[in-house]
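Pasting the structures here.
Look for chain A in each of the two complexes below; its partner is chain B in the first and chain C in the second.
Moving on to the complex of A and B:
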């Protein structure tokens, strides 16, 4: 048996898990694991032609289970997601090495479990991404769910509670997917992709509807789509720092990967488009688009109200998933490219943001937005990382998030969808408000007395953050680099491909060239700086307490900072709209289940057990005989 | 286009914007003076102000981000001007388009927000919180309007949007073709200028001029320059979307000044709205008008 490049990747990934398992208690384990992620990334690079339209690579490994053959292979779609997975794993793991690790261990954290959970996550994600049929997809899906649970639950306490909530949702999703797979098997007679592809065009409407609902709900839970979004923010936020950077970057995108594979590639977006909802003007595709838009808006405005930096970021992670789905559902060349590109872009800035916030926690011990402030003078580089990250998250030029969102906006404009367009922009505006609060409350405003001796984040944490910062900027300047990979993904799943260039996209109805836009922007900054520094008088640095206070004198013990209820005026108007309806819904489902189980329990305990046994036996016999 | 020609355009466009912007500030002050039965400032007063502020001896800095914020506030607008076509010059308008312009125009606000943040004065932070809320208020009707115009023209390229309007003379102007959108756009534009009754984030008597509370000397001078650019950008954008842009410099400038005169005249007749009232107003009337306008276009 010869090893294909894919088998090599699996092999290295497996070795990484083993190293973490056996040697994880020794101190250099973090570095070993990080180097092994690097080797995995190199193995992935051997398959780089996949990112430029190369032929799929199969694994030599195949199984035969109950007449179903299980196989694994990599195509452009798998390669693209694997690149993001390994990249974020490498950088998060690197970030964890050194000071963070020591602190984590000192504060009673289980480092062995952390590395093991991370390596297992990566390994299972690679297996999922390589799945060659629906059965191997399901196996990979389950592995990813449980590996994610391990990482989320390891911090104990609140984290375990959040992880339990996650796994409850994930299991419900797995049930839906399993139901969907069974339904596919009944109609197509096989779980191979080719067989499903031919069967999909002949499926009845009712059948297709069932499949869209089952798979959409199942995969949507992982993505945190409305109304299944409640689990995600607490679960990600409570994971140990580098773990939340990794999870926030890629974990929930596995849901998007599966949606792409099953709903877009196998069933075809055109088939889904033909599913009309009776008595309304919308079809299944519009429904998905609206779910995507609500997933953008509600979590974004929930994020705005958070007072914990990690919760705020985690809520935004859910909202940004909406943009990806929205672009894919519009499914024209630009929209699909924007949705897919956003997966990469989001991974870069979300990881950088979680890392920056973790660095702040490392130095100050808190992520409470009401207990920080003014740290820019003590941690300037971390400030810069967070600034670049939030510009990316808010989708403003010159960072990469702008390009992917621009593509999504353009597709909505081209297709004439004003309400979706406006909703997408509302999400962006809400994000700007929310991320300003984040950076203001941590880094700007008054420096607290107790933070006077805070030092910059250590280099072991800083270097991965700076690498991510560079990626965020460079892929904003030259979006053509990731767009080439995105284009081959689009080809692989059968979507139209936009006319991309190194600096953006060409289109008769309005192009984008980021090289020019960013060039002019920095030229503008340069001229602004010339005017400011050379045309004006010399400025004098003053102490932060040398400040206007309505005639009073400020002293170090006076807290002179605005942080709580930051958007008071906005909340006067929309504050009453936060009703926690989804929490209420979740609670009522929970109560219903509790009530039913209580009823069942009561019935079982109170009644005569022998009578039940007898009647069941009789029933079975009667059923067999008749 | 020859590279040399393009570079000259890229230099000229912000320069023209700055000069015209200063004249717009002058017009604004003269209108205010007329309404308040004063004489008003002399012609070169905006220039005097900028020079004065930059050459003051007291220049208080609260740190590097305070400085960078001002640089970003000016630089963002300087860059934005090259995306805004004027008669005879298109700059890089075809390489960005209107969505890029809209987002580039948020960079100065972000820069200002960062700079004010480092001043460590809650008055400033409250002002910024209000200013960002105001942005959330007026940008929603504004994007509806932009969607309508771009969809009707079939492009996001501002050069083409202007060309479409100029194709049939007055008849094909955006304001004639889409009057409802034009009204919605005017209201949103007024709010985006941050003039009365929408100047809640400055509110001198309440939060000590908000974002400007710790600004002195060239910091205030930078904001003055930013205001020149802001007035110019807003009115020229409106002219490009609804009034057919300009064929000659004369009608281009005439239209721009006239458009700006409307909100400025209204501004000095009104007191100010509270933040939530601003949101309520913006989300109700211009959004409704905008959606009706888009419905006509679709």
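Moving on to the complex of A and C:
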């Protein structure tokens, strides 16, 4: 038995888990784990041909369980997601293993558990991504769910509560997926992908509907799709800093991966398109598209109201997932490319943003947007990282988020979906407003007296952030680099492939060349700079208290930066629309379950054997008859 | 206003033949793009909305309101100036970037008007800051306001409206009047003497006994420096 490159990757990943488990209590554990992530990334690079249309690589490891063979293999789709997973794990772990780690230990955090949870997350994600049939997919899915729970719950207190909420949702989702798998097995007679592919075209409509609902809900829960989105923001926000950077970057994209694999690749978007909803004009695909759009709008506008920087970012993570799904559901060459590219882009800027916010917490001790301000003069590099990150998040040139969102918008227009387009643009509007709040309340405005001696983040945290910043800009300038991987993913799952170039995409209905876009943009800055410096370049720096506040004399003890109730004017218009309906829904489901369990309790507290026997017999008879 | 005539006029030798054309062009542009910061202290403010809006429409002259002093050209004081307000007016005036112009509207800014006998009102605005133009009346109608603004535009175009230089050249005089009213601890965030040096407008009246009093208690507000902070010393406490 020879080791394939995939086996090597699993081996290294397993070693990383072992190292974290056995040596995690020693001091350089963080560095060791980081180096091992690097080695895993190198092992992944050995499979780099996958990203450019290479043949899938199988693992030598196969099992035979009750007539079902379990196998693992990597194709372009797995490789693309594994690249993002390992990249974000490497940088988050690097970020963690310097000063952050010492502070975390001093403040009573369990560092061993943190590294173990991170390595387990990566290991289980790799197993999920490599799944070669539905059974191994389910095993990987469960592993990812529990590993994620470990990382989310470790901070204790509020975090544990959020993680319990997550695991409740995740288990409900897993049950739905398990039901779906059982249904597939009934109709296809096998859980191998090839068998399902052939069976999918002959399934009855009702059957396919059931499968789409079960799998869609199960995977959608992990992605935080409406209406299953409530767990995500608190769970991610309460995870220790680098952990939330990692989770925010990739964790919920596992849901997207599974949707791509099962709904798009196995069932086929054409089959889903044929599922009409009776008495309406829409079909299952439109339903998915509208769910995606609402997932963009509601969480984004919820993010706008958050007063904790991490909560704000975590809510955006949910909203941006909507763009990915929207692009995939449109499923033309550009839309699918945009949706997939957004996975990569989102991972880069979301990790950078969480890291920047964690750096601010590291230095000031708070992420409360009402207790910060003016930090640009004390943490200028972190400011720059956050600035680049929010430009990416808001989808503005010259950063990479612009490219993927442009592709999604373009495909919506090309395919004649103006309402979805307008809805997506409303989501972007909310994004821009809320990221401005983020950068304004932390970095702009008045520097507080207590932050006068704040220092820039340490280099161990700065370097990973700067690397991410560089990636965000470079993949914005040359989106052809990730688009090549995206194109082979599209090929692997049977979607049309766009005609991509180094600078963007070529299309008869409108091309994009970021090299030109960014060239023109910087030429504009250049002309402005030339005029300014040619005219003498005169500028004057003034003290922040030498400021105009209607003529008042400003003193350091009086706050003149307004951060609370930031969009008061807008909230005056739309504030009444925040009704917390989904919270109400969650609460009522919870009450219903509590009520039912109370009833059941009443039943079995009655220690009456004859009654049980009778009711069971009745139930069995009813089951047989029906 | 008298002090304006005392300013020694220094004729510079311009060797470039296009210099006069260029100067003329700059003055033309300057006079036709004016941003007003209206410091509405009294009843004269009520005459400004009609002057701004569609009936009289001062924007056709290239004049429009501005919200901050840093970007404004004209400081418009529209009525009586109480001593408390005067402090704010001076602060605002000093925050404006040069060249800057001051217009006093209503009789109150000229001589205190009906508040002549009030203990809490500054009578003559031009004792505390150089005023380019007064628009007298109680209150002047929008036509008068517009006529005044046009007069100022002409003066800017012809190069006569340079009273802002007077504040730098005779700072000691203005500071003395301010100290007489507000006490000797009077200080604004702006360091006028450094600015006078920056504009090369140090005159005989810039420094004097009043600026000496100021220097004794002045706490300079240094701009916050942008720093990476890795070499920063820990706070010694």
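By definition in this document, the second predicted complex is superposed on the first by the 603 of 626 C-alpha atoms of A that agree within 3 Å, B and C clash if a C-alpha of one lies under 4 Å from a C-alpha of the other, contacts with A are read in each partner's own complex, and residues count from 1 in each chain.
The rule we apply is simple: a residue touches a chain if its C-beta (ideal position, glycine included) is under 8 Å from a C-beta of that chain, and two chains touch if they have at least 3 such contacts.
Just so you know, these numbers come straight off a predicted model, no measurement behind them.
**Q** Consider chain A as the common anchor and indicate whether chain B and chain C clash or fit when overlaid.
**A** With chain A aligned, chain B runs into chain C, so clash.
**Q** Tell me the contact category for A:542 with respect to chain B and chain C: first, second, both or neither.
**A** both
**Q** Answer with first, second, both or neither: which of chain B and chain C does A:454 touch in the superposed model?
**A** second
**Q** In the overlay, work out which of chain B or chain C sits against more residues of chain A.
**A** B
**Q** Touch check for A:430: first (chain B), second (chain C), both, or neither?
**A** The first partner, chain B, only.
**Q** Looking at A:179 after the superposition, I want to know if it touches chain B, chain C, both of them or none. Which is it: first, second, both, neither?
**A** After superposing on A, A:179 lies clear of both chain B and chain C.
**Q** Where does A:381 make contact in the superposed view: on chain B (first), on chain C (second), on both, or on neither?
**A** In the superposed model, A:381 contacts chain C only, not chain B.
**Q** For A:49, select first, second, both or neither according to whether it touches chain B, chain C, the two together, or no partner.
**A** In the superposition, A:49 contacts neither chain B nor chain C.
**Q** Give one of first, second, both or neither to describe whether A:573 is in contact with chain B, with chain C, with both, or with none.
**A** first
**Q** May I ask you to decide whether A:553 touches chain B, chain C, both, or neither, giving the answer as first, second, both or neither?
**A** In the superposition, A:553 contacts chain C only.
**Q** Report which listed segment of chain C has C-alpha atoms clashing with chain B; options: 56-64, 74-82 or 164-172.
**A** Once both complexes are placed on chain A, chain C clashes with chain B in 56-64.
**Q** Residue by residue on chain A, keep only those touching chain B in one complex and chain C in the other, then list them.
**A** In chain A, residues 374, 376-377, 380, 447, 541-542, 544, 546, 548, 550 are touched by chain B and also by chain C.
**Q** Which chain C residues qualify as touching chain A in the complex?
**A** 39, 68-70, 85, 87-89, 91-92, 95, 189-190, 221-230, 232, 234-235
**Q** Once bound in the complex, which stretches of chain A touch chain C?
**A** Touch list, chain A to chain C: 374, 376-381, 447, 453-456, 458-459, 541-546, 548, 550-554.
**Q** Could you list, by residue number, the parts of chain B that touch chain A in their complex?
**A** 10, 14, 53-65, 67, 70-80, 82-83, 92, 94-100, 103-104, 106-107, 110, 113-114, 117-123, 125-126, 128-130, 132-133, 135-136, 139-140, 143-144, 147-148, 150-151, 154-157, 160, 200, 208, 213-214, 217-219, 221-222, 225, 274-276, 278-280, 291, 294, 298
**Q** Which residues of chain A touch chain B in their complex?
**A** 374, 376-377, 380, 383, 387, 391, 395-397, 402, 406, 409-410, 413, 416, 418, 421-422, 425-426, 429-430, 432-433, 436-437, 439-440, 443-447, 508-513, 516-517, 520-529, 531-533, 535-542, 544, 546-550, 560-563, 566-570, 572-574
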